[in-house]
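Two complexes follow with chain A in common, the first pairing it with chain B and the second with chain C.
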Partner chain A sequence: MTAVIEVRGLTKRYRDAVAVDDVSFSIERDTIYGLLGRNGAGKTTVMSILTAQNFATSGDVRVFGEHPYENARVLSRMCFVRESQKYPDDATATHALGAARLFFPNWSQELADRLVDDFQLPMRRRIKKLSRGQLSAVGVIIGLASRAEVTFFDEPYLGLDAVARQLFYDRLLQDYTEHPRTVILSSHLIDEVSNLIERVLVIDRGRIIMNEDTDSVRDRAATIVGDSAAVDAFVAGREVLHRESLGRVASVTILGALTHEDRERLAAADLDVAPVSLQQLIVRTTQSADGAASEKGASR
Partner chain B sequence: MIEEGRPLFLQIAESVEDSIVDGSLAEESQAPSTNELAAFHRINPATAAKGITMLVDKGVLYKRRGIGMFVAEGARARLMAERRASFADRYVEPLLAEARKLGLGPDDLGALIRERASASSAQNERNAR
Partner chain C sequence: MSTMSSLDRTVRVVRMQLINRQTYIWVPLLILGGSLALTIVIWTMIPYDGPKYGGASQAPLWYFFAVGIQALTLSFPFSQAMSVTRREFYLGTLLTALATSFILAAIFVFGGLLETATGGWGLNGYYFKLDWIWQQGPAAAGLFYLVAAMLFFVIGFTAATVYKRFGTLWLTIVLLAVAVLMVAAAWTITMTQSWPAVWTAVTTAGPLSAALWGLAVLVVLGVASFLVIRRATP
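Entry: the complex of A and B
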């Protein structure tokens, strides 16, 4: 595997707030990443710095082996679809797509036309007048049709209904299969994207707390349900992520894959095992944020 | 169809194995490609590829260069043997555990199984007519 992005010791400080705290990671070529985390965790800040739309306080960022700042060689190979992209007042979708076509060397007009059709995007109306969903569609279309070697989608689904979101996921997978590239998808709808993403990158309070194959995370945690004394006996010495109880019944989520022996012990003790979805796992591991997640404004 | 809490590539591999065991995917016939599996299950192609690779390593599928993946000869018999070996663990154990809770002994279970089996075979015969 080769890395297209390498980040070392990246820190971003806004006056007193630390939005990104000394993070190091790399992004592999031709892989779909899920960039997950709570509001204010630092997702948008990291993406802005990688695409040279924001400055790092310290640390080193390399994209395709080069510094991205004012570097046209690097920037034309990247596309950043922002959640709140601003367009000129008079611009229509025709203008936005026309500009993107000039900028991105791998632009596919055929794909863009098809997506405009799929999303039924009004091309001549001013973007200012579009609905939130239609505005998101403009970003999604540019992000997919640019076929940039590295594409960032920052919560691209705002205002899109379930049908339109599924359309986005389907088109993304389809085009990625035919034209592999690196995609970094930031999302709160973790369950919706968990089957699309090959790697999961979780950021919590400015730090990367998980950077792994999605599949290897899927059996990482389990919830044990049953008589609370028996549950307690089983979970003793294990890392407990969450605990709930109702009368004599306890439900405890533990970290660590269950072995065959564990399963036999559970069956013998008459305990049930419930799977933990990626979304639940991430909620549980980032929940201990102690209210530190209210810095959304500071991270922009 | 996709369950939470279990690696996806395993589930993809099992879905292909299911088709081989039930005969809908015959030996020496072409198996679905990585991209077909990814599109059908709406999953990342890399994950589907991992499932296929696992089946190749297991000798269930083999690659014909430039054409695609095919089901190996003898794959069905081997998968059936493998599933029979785990049948007791996967199905009989939980059945016994639940029966114990309800106070049903092995003889009661035997009677129940024979009763159900003859009812469903009678049903099948009627449907076949």
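Entry: the complex of A and C
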């Protein structure tokens, strides 16, 4: 695997806050990343700096091995449409997509046209008169049809209903299969995108606390379902993330990968293993990171 | 993968700015045509046979000031989403302003020649052909108008870059500083009792030297706004 983006010691400090705190990570080629984290965790700031729309206070960012700032060679291979993107006054979606066609070398007009149909985007209405969902659709269409080698989607679903969001996920996956590229999708609808993303990048309070394959993240925990007495016996001594019970049946999510012996014990006890919600796992992980941080703070 | 040269991308910024022709072409033409038509109607109501002058030809210039502001506040964030560098955006946008200023100047010169030929629309009324601007001929008048239109645009553009990068407080401070400099200049002129000399210089200066001074200001503001926009965020 080759890295398309490499970040070393990136820090972004605003006058009264640290948005990104000494972060290092790399992004592999032709992979869909989920950039997950709470509001204000630093997701947009990181994406802005990677696309040279914003400036780092310190640290080094390399995209395709080069600095992206004022570098048309690098920038033209990237696409980042913000969640709060501004468009020229009186511009319509026709104008916006027309401009995108001028600048993105891999632009697919065919895909753009199909997406306009899919999202039923009014092309001749001024963008400032569009609904929030339609505004998001403009950004989504530019992001997908640009087929940029590195594409950032910053919470692209605002105002989109469940059907339109599913449409976005489907089209993204479909086009990604035919035209592999690197996609970085920021979201806090974690479970909704969990089937889409191949790698999970979790940012919390300006720090990257997880950068792993989605599958291996999932393997970190398991949900055990079955007779509550048997479940309790199995989970004794393990870290429990979540517990639900209904009558004599319990469903308990535990942290830690299951070993071969574990699976034999489960089979013997007639217990089932169910998939874990990525959201639960990440919420739990960010909480424990917070806990660890405050403990560390308290001990100082 | 196709790669575009920086020049090509700069030209594409011009095309991006002109994708919606309303902003740079139709609205200024509408303002020009509208103010001209209204001026002519007003002239027909004035029972005076001597030459009449209209000041409404400055209307499109004020519009350029507004476009200069908008080019930055709205088109700059959009250009960033189009993965355009700040330098390409800056050059492309100024090139667009230059091209449209040129069209305005050409219309202005053509209108002035037309007014001369028709005796001021048969009404002895002059919208384009203002004596002071035309005293050195149509070329100087055209250059004057070109520089004036660019100047209005660049003043709006520069003010907006300062606002975008440093915020309202610093824009106000910069505008105040400019005002302080002007008052200081006036004070110096008064103290040295050189007002008569200044007035003579201003009144004897033709449109050509005015255009050249304007050009100097244009260069200063152009460089300043480029330095500011290099570190601006959308």
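Here, the second predicted complex is superposed on the first by the 237 of 300 C-alpha atoms of A that agree within 3 Å, B and C clash if a C-alpha of one lies under 4 Å from a C-alpha of the other, contacts with A are read in each partner's own complex, and residues count from 1 in each chain.
In this text, a contact is a pair of C-beta atoms (placed from the backbone, for glycine too) under 8 Å apart; a residue touches a chain by one contact, two chains touch by 3 or more.
Predicted model, so just to flag it, every value in this text is computed and none were measured.
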{"item": "Partner chain in contact with A:Glu261 - chain B first, chain C second, else both or neither", "value": "neither"}
{"item": "First (chain B), second (chain C), both or neither touched by A:Ser76", "value": "second"}
{"item": "When both partners are placed on the shared chain, which of chain B and chain C touches more of chain A", "value": "C"}
{"item": "Touched partner set for A:Ile142, first chain B, second chain C, both or neither", "value": "second"}
{"item": "Which superposed partner A:Leu102 touches (first chain B, second chain C, both, neither)", "value": "second"}
{"item": "Which of chain B and chain C A:Gln53 touches, first, second, both or neither", "value": "second"}
{"item": "Which of chain B and chain C A:Asp89 touches, first, second, both or neither", "value": "second"}
{"item": "Touching partner for A:Glu110 - first (chain B), second (chain C), both, neither", "value": "neither"}
{"item": "Interface residues, chain C side, partner chain A - complex", "value": "1-4, 6, 9, 12, 15-16, 19-20, 22-23, 70, 73-75, 77-78, 80-88, 230-231, 233-234"}
{"item": "Of chain A, residues touching chain B in the complex", "value": "31-32, 169-170, 173-174, 176-177, 195-198, 214-216, 218-219, 222, 267, 270, 274-278"}
{"item": "Footprint of chain C on chain A - complex, ascending", "value": "48, 51-55, 70-73, 75-82, 85-92, 95-96, 98-100, 102-106, 142, 148"}
{"item": "Contacting residues of chain B [partner chain A, same complex]", "value": "2-9, 35, 38-39, 41-47, 50, 93-94, 97, 101"}
